[in-house]
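Per-chain numbering from 1; labels A, B, C and D assigned in written order.
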Amino acid sequence: MLHELSRRQFMKAAGAGLGGSAVAALGFGGAEEALAQAVRPFKLARTTETRNTCPYCSVACGVIMYGLGDKSKNAHPAIIHIEGDPDHPTNRGTLCPKGAALLDFVHSETRTKVPQYRGPGEKAFRQISWNDALDRIARLMKDDRDKNFIARNQDGVTVNRWLTTGFLAASATTNETAFLTYKVVRSTGILAFDNQARV
Amino acid sequence: MGLQSQDFARISATNFRPPDVRHDFEVAKLIDVSKCIGCKACQAACLEWNNLREEIGINRGVYDNPHDLTPNTWTLMRFTEWENQESGNLEWLIRKDGCMHCADPGCLKACPSPGAIVQYNNGIVDFVSEHCIGCGYCVKGCPFNIPRISQADHKAYKCTLCSDRVSVGQAPACAKACPTGAIVFGTKQAMLDHAQGRITDLKSRGFKNAGIYDPPGVGGTHVMYVLHHADRPQLYANLPENPRISQVVELWKGLTKYAGMAAVGFAAAFAFVHATIARRNDVSRAEDREAEHLIDEEAERGRQA
Amino acid sequence: MVVRREEERTTVDRYSGRVRVNHWVTAISLILLAISGAALFHPSLFFLSSLFGSGSNTRMLHPWIGVVLLASFAILFIQMVRHNFWTKADTHWMRHIGDVMSGHEENLPEVGKYNGGQKIIFWLMTLLILVLFATGIVIWYEYFGTTFTIEQQRFGHILHALAAIAMLLVVIVHIYAAFYVRGTLNAMTEGKVTGGWAFRHHRLWLRREARKGVIDERQVPPRRLGPNAPAE
Amino acid sequence: MTNSWTDIKNTDLVIIMGGNAAEAHPCGFKWVTEAKAQRGAKLIVVDPRFTRSASVADFYAPIRQGTDIAFLLGAMKYCIDNDKIQHDYVRAFTNAPYIVKEGFGYQDGLFTGYDEAKRDYDRSSWEYELGPDGYVQVDETLQHPRSVYQLLKKHIAAYTPEMVERICGTPKDKFLAICKMISECSARDKTMTSMYALGWTQHSKGSQNIRSMAMLQLLLGNIGVRGGGMNALRGHSNIQGLTDIGLMSNLIPGYLTLGTDREVDFQTYMSTRGFKPLRPNQTSYWQNYKKFMVSFLKSMWGKAATPENDFAYQWLPKLDVPGYDMLRYFDMMHQGKVNGYFCQGFNPLLSLSNRGKVSASLSKLKFLVVMDPLQTETARFWKDEGVHNDVKPEAIQTEVFELPTTCFAEDEGSLVNSGRWLQWHWPGQEPPGEAKADTWIMAQIFQRMRALYEKEGGAFPDPILNLHWPYRLPDDPQPDEMAKEMNGYVVSTVTDPVDPTKIVLEKGKQIDTFGQLRDDGSTACGCWIYSGSWTERGNMMARRDTSDPANTGAYANWAFSWPANRRILYNRASADIDGKPWDPKRKLIEWNGTAWTGYDVPDIAPTAKPQDVGPFIMNPEGTARLFSRAMMKDGPFPAHYEPFESPVANVLAPKIRGNPAARIFKDDLAALGTSDKFPYAATSYRLTEHFHYWTKHVWVNAVLQPEFFVEISEQLAAEKNIQKGGWVKVSSARGAVYAKAVVTKRIKPMICDGKTVHVVGIPLHWGFTGAARKGFGPNSLTPFVGDANIETPEFKAFLVNVEPSNGPATS
């Protein structure tokens, strides 16, 4: 919290600096006036800061995401810049070429934006509603589980496993996502459960 | 920093000399090549901070991408693989190329457009697009081949040392990002001191020619290098050994400019004076008459011939 | 080309319309180039760029005007070159340039269409325009920025500047002469000069023209001027 | 990592081997440059290529990929032969003095008990000799011929500098120079840190690569101290967390393991998990296993988990094989035994070995569900992309769902970094389009399935119907809820047995530490090692206190570090047998006569007497293992084995191909290449400009490294007439790829066993979606071989051929 404060103070200072230069610019005429425009306005003044950590490697550098708007009702937030968090003990504000370009990941052209479905033999994806997609997935899972669930092995030992469907978990989802995923997947008896640690 | 004229040390193509009474801290960026891993974080940070996007190129068998500075690429890692005969070791020399922010900027000297290139008291040399006329003179003025002219808007572009960040007390984007601290930013003095520490460390590791690159030929720079082989800067992707503004440019922007103006002015004046004091060179009546005779005679001859 | 006798005066055609147009196109280009060039050459003259709208426009227009100059001058050259070959008489004339300047051309050899000075100006202009154009290409950044090395461009700039200065000097002499030698301007305005002017400055040329024949447009035949006619 | 990124600044010597920290972890590598600049530390890089790390190293030596064990055993031999080991540490804190059973042996590259048919060992002989008291027999003098120390000396005797040069291609003088630098760190006031990554993991003997360095570090006394340790540089932002939480075939959160078919009931299951101490008064912390297990089961099934039903132990699936890891499962898929598959932020088409097999396997699925913030190749494995994905869509009957998810910038929660720090993050914008959080998707799928089971019934619905689902919004559980579940909470009030009026644990409260967990069902805990991350004091993972007393680099109040906010594991070993720091300048914790005090949370009971209790409390021995007993499938000591595809034969045991206990399936064994057809030693790796297969979707990174290439030496280029920047075709027994050629001085031919070995470097990062130019990944070429212990594919050493080419167009 303390750091948040100090950061805001910095922002005020920045704002003041800008104000100062703006005022300074007024006095000018002719060539000097244009000189006042030499310095591009500091683009982060009054953006909304959100703290995050880099989603790439496990150094987990602290980043600050600078968002459009001030969280007011009608301002739709959008991240316009991402920079290292100077308070973070590990990266102390630095970022690697990937972290420094995180903004382009957030706004990548090739991000998934709508659920898509591709039927057997089809050549292309087509959009599908969340509802239809999720219903269909649940149906497919249940049918497969009901058909292939193994309650007991040959020796009559209770094994309660489901081997015909598998789940590959990520490498960058949150612990909270991971735990919820674990609960759901294990409760169905899935054993083919793995993550990206191996590769 | 405010932006009154007092904050300018130099302004291109103008006789208006900034009073240079207000003293700002001279800032500098120190690039410690011996710490650089060539990760290109500085390139990414530069593109992101300045909202620039370079086009996606191809691989040409080297790590350098893009392959050269462009109007959108203001800084660039240049990779050199060098076999050190002395030590028998391979050395991968990686230099961050970009504007050196010379104390005596050749671009500014060459620029014909008032206020298109300015130097703040803090040492930053900045291009002011609004006044840039796209003539490319700065390219000729620069001893480091840095400025690039955009074919889109015919304006010159280069590293601004993030003058917008520095103006609110922040370090340039590349310096902030640099993971290994190969790029550091501060007052010029602080950077010089920091460099000394690095040089001592490098010497202790056997780089006996380690040193700083702050070329006096251009009055020193506000972007400096620590080199393990300061005696051979050209090893680092042809970093000039003793850069200075080209003599040709000096002559063009110096003597020629004044002598030329003088000569023309003098000639014009002389012509004027002579025309007024000298006897009028006019045709006399007599000559008119003699012309008639001559015409008659010649016309006659003409007829006979 | 004809010698024409009118009521009040006798004129000799010196320049056809085509030549005059070319000349003035060339002249105007030269002046525009001088102004725009000066704007880019010296900060104190940068204000001249406002005549072209802005510095950028000046930068953009200057080379194109240069192209126009080259074209129009090329034609001019073709039209005039044959009168501009150097002769002994020119050398002699040049030796007495002092007399010319002080207006004593009496005891000089008769001069053809052009005197030595004019020929020199002609050839100087030819040379300088070629130099200016060549160096101009080298420093035309918009199109040739990458064609030539930066070092070549640096030399291009200084040569261009020096040539431009020389050109200005030549032009000054040219204009000066045009004004100083009264009656000359008409050659490029109306295209004709008076018989007296031709007699005084280009007698040889006048002879040749006269031999070709004279058009007499007078209604009444002229008074014969007797040897003992009263002097005026 | 046993230590943390920031701790690296405390080191005297960094050895980067089996990794390329500067390239893959630049901001962590910062602490190497800090150590160099601030303490004059030195950096050694050993790698087949002169890497970005090497570019700032004090000493670089080449090594042929897949021969690290020979190098490290050679280094151990050097240290022992030159008496450069930390004797007190080795005697007190390792099992060096322990006596091994009669009958254990090693010959011709095999340990005792090998069964060629099963490609597996009977490991019964790899054990200590126990005394009548049930404790291990020891010989403090280390002289006993069957003492671990003597066995180790015998085992590594073969790895002379000459042998190392012969196997690894590392010039003898360079090897010895490195050994000398390393051996200096046996001094009490000198430490070395090891930074490694998949360069060691992705081998058929990956675990043993790492063990080798761990053993060396133990001999030098560098485990548990500041600036020391074994530092695994995890590749992904939360791969540590996903492993901690047990998202693996055989795991339960907190490194507990699933039962097997043999463990028919809870009692049997627990009987093999008693972990009785092997030396007097040792902690053997796993004795608390049952508390963790029961608390986990309570968090899974809440009220439905009762003492009567063994807390629903039977509701967990049981394993009939060691594990259904990726390799095994894709092999099953390939045989058509799999119907459905989910990929949650994972792109196996490019990430898993032998892309041809992966693609064929996916084509046999009934349905594939991909949840990802980016358009992955896996979701498009059925799409005809010409040479870049040459398939026939009409022939592929798989139903594919691509579900758009949030990325880091839009979701909230914690990630675990390599240093085991759990750090909380906050969203900064709304997800694009209809994208949703993974938690929402999982909840939706679960809710729908449960509804179906309620309506229709079906196969054993109990675990699904009774899954503990206490969330405020059942359709959209929030991160704080799961975080609190994992930390653990009190299910029913516990009172002091002596004075029932005294409440020990109050119902509904968050627990403070796993020490409070109980095996009677009165506590629930999703992941015991995360206990303390969200207590009654709030979210410890969101802490942002940057203070760091004495600049140890611990930052004890920044976020939360598991276990118990401990920053350096085994930190008790930073002090000698009497509890005095080995190096006072590098004090971490210290025994003040009555308790442990210092800068870190002691990795031992705060009042455990130093002379009594060993530092390695998770081991029943209380000490670290130079001899790993039967814990490793492929041997209690590491031994040099060639990669399955190697340009040279195993000079120590010519008959043996690869690691005899490694995971490989029949047809994959058949699909291995040999050096006559594929003469060059290839390896795969990351580039600093890119992250895995993500950043090719990122414009700026695509600019910085736009196009797929391979790296070869100038010599090989000359030999094969390959032009710098020209196209080449790289082929293996599994497939071929087209790439641009980067011809470099940074790769040089090596001489191994008298043979010239050319290395071909193949970076990953390119595919057929995203902003960068279309390209290939190394997995089109790599073999389907897994490590003996953890089944990681052998991505780092395989054989290829290289020829000049006109590029993909001509194919």
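Keep this in mind: a contact is a pair of C-beta atoms (placed from the backbone, for glycine too) under 8 Å apart; a residue touches a chain by one contact, two chains touch by 3 or more.
These numbers come from a predicted model, not from an experiment.
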**Prompt:** Which chains share more C-beta contacts than any other pair?
**Reply:** A-D
**Request:** Give me the ID of the chain with the smallest distance between its Cα centroid and the all-protein Cα centroid.
**Result:** A
**Item:** Separation of mean Cα positions, subunit D and subunit C [Å, integer]
**Value:** 88
**Message:** Measuring centre to centre with CA averages, how many angstrom lie between subunit B and subunit C?
**Reply:** 40
**Request:** State, to the nearest whole Å, the distance from the C-alpha centre of subunit B to the C-alpha centre of subunit D.
**Result:** 51
**Message:** With centres defined as the mean C-alpha position, give me the subunit A-subunit D separation in Å.
**Reply:** 24
**Request:** Enumerate the residues of subunit D that touch no fewer than two other chains.
**Result:** 26-27, 30, 688-689, 699-701, 704, 771
**Complete:** The positions of subunit A in contact with two or more other chains are 82, 91, 94-101, 104
**Asked** Of all possible chain pairs, which ones touch?
**Response** A-B, A-D, B-C, B-D
**Request:** Within their complex, state which residues of subunit B touch subunit A.
**Result:** 1-5, 8, 11, 14, 16, 39-41, 43-45, 47-49, 51, 114-115, 118, 126, 128, 130-131, 160, 163-165, 167-170, 173, 176-179, 181
**Asked** In their complex, what parts of subunit D are in touch with subunit B?
**Response** 22-23, 26-27, 29-30, 33-34, 36-37, 40, 50, 52-56, 58, 60, 688-689, 699-709, 723-726, 740-746, 771-773
**Fill in**
In their shared complex, subunit B is touched by residues of subunit A numbered 13-14, 17-18, 20-21, 23-25, 27-28, 31-32, 34-43, 45, 81-84, 91, 93-101, 103-104
**Asked** Which subunit B residues qualify as touching subunit D in the complex?
**Response** 34-41, 43-44, 47-48, 53-63, 65-66, 81, 83, 89-92, 94, 179-182, 197-198, 201, 204-205
**Prompt:** Which residues, counting only subunit C, touch subunit B once they are in their complex?
**Reply:** 3, 5, 9-10, 39-44, 46, 49, 54-56, 58-60, 101-103, 139, 141-142, 145, 150-151, 153-155, 157-158, 161-162, 164-165, 168-169, 172-173, 175-176, 179-183, 194-200, 203, 206-208, 210-214, 225, 232
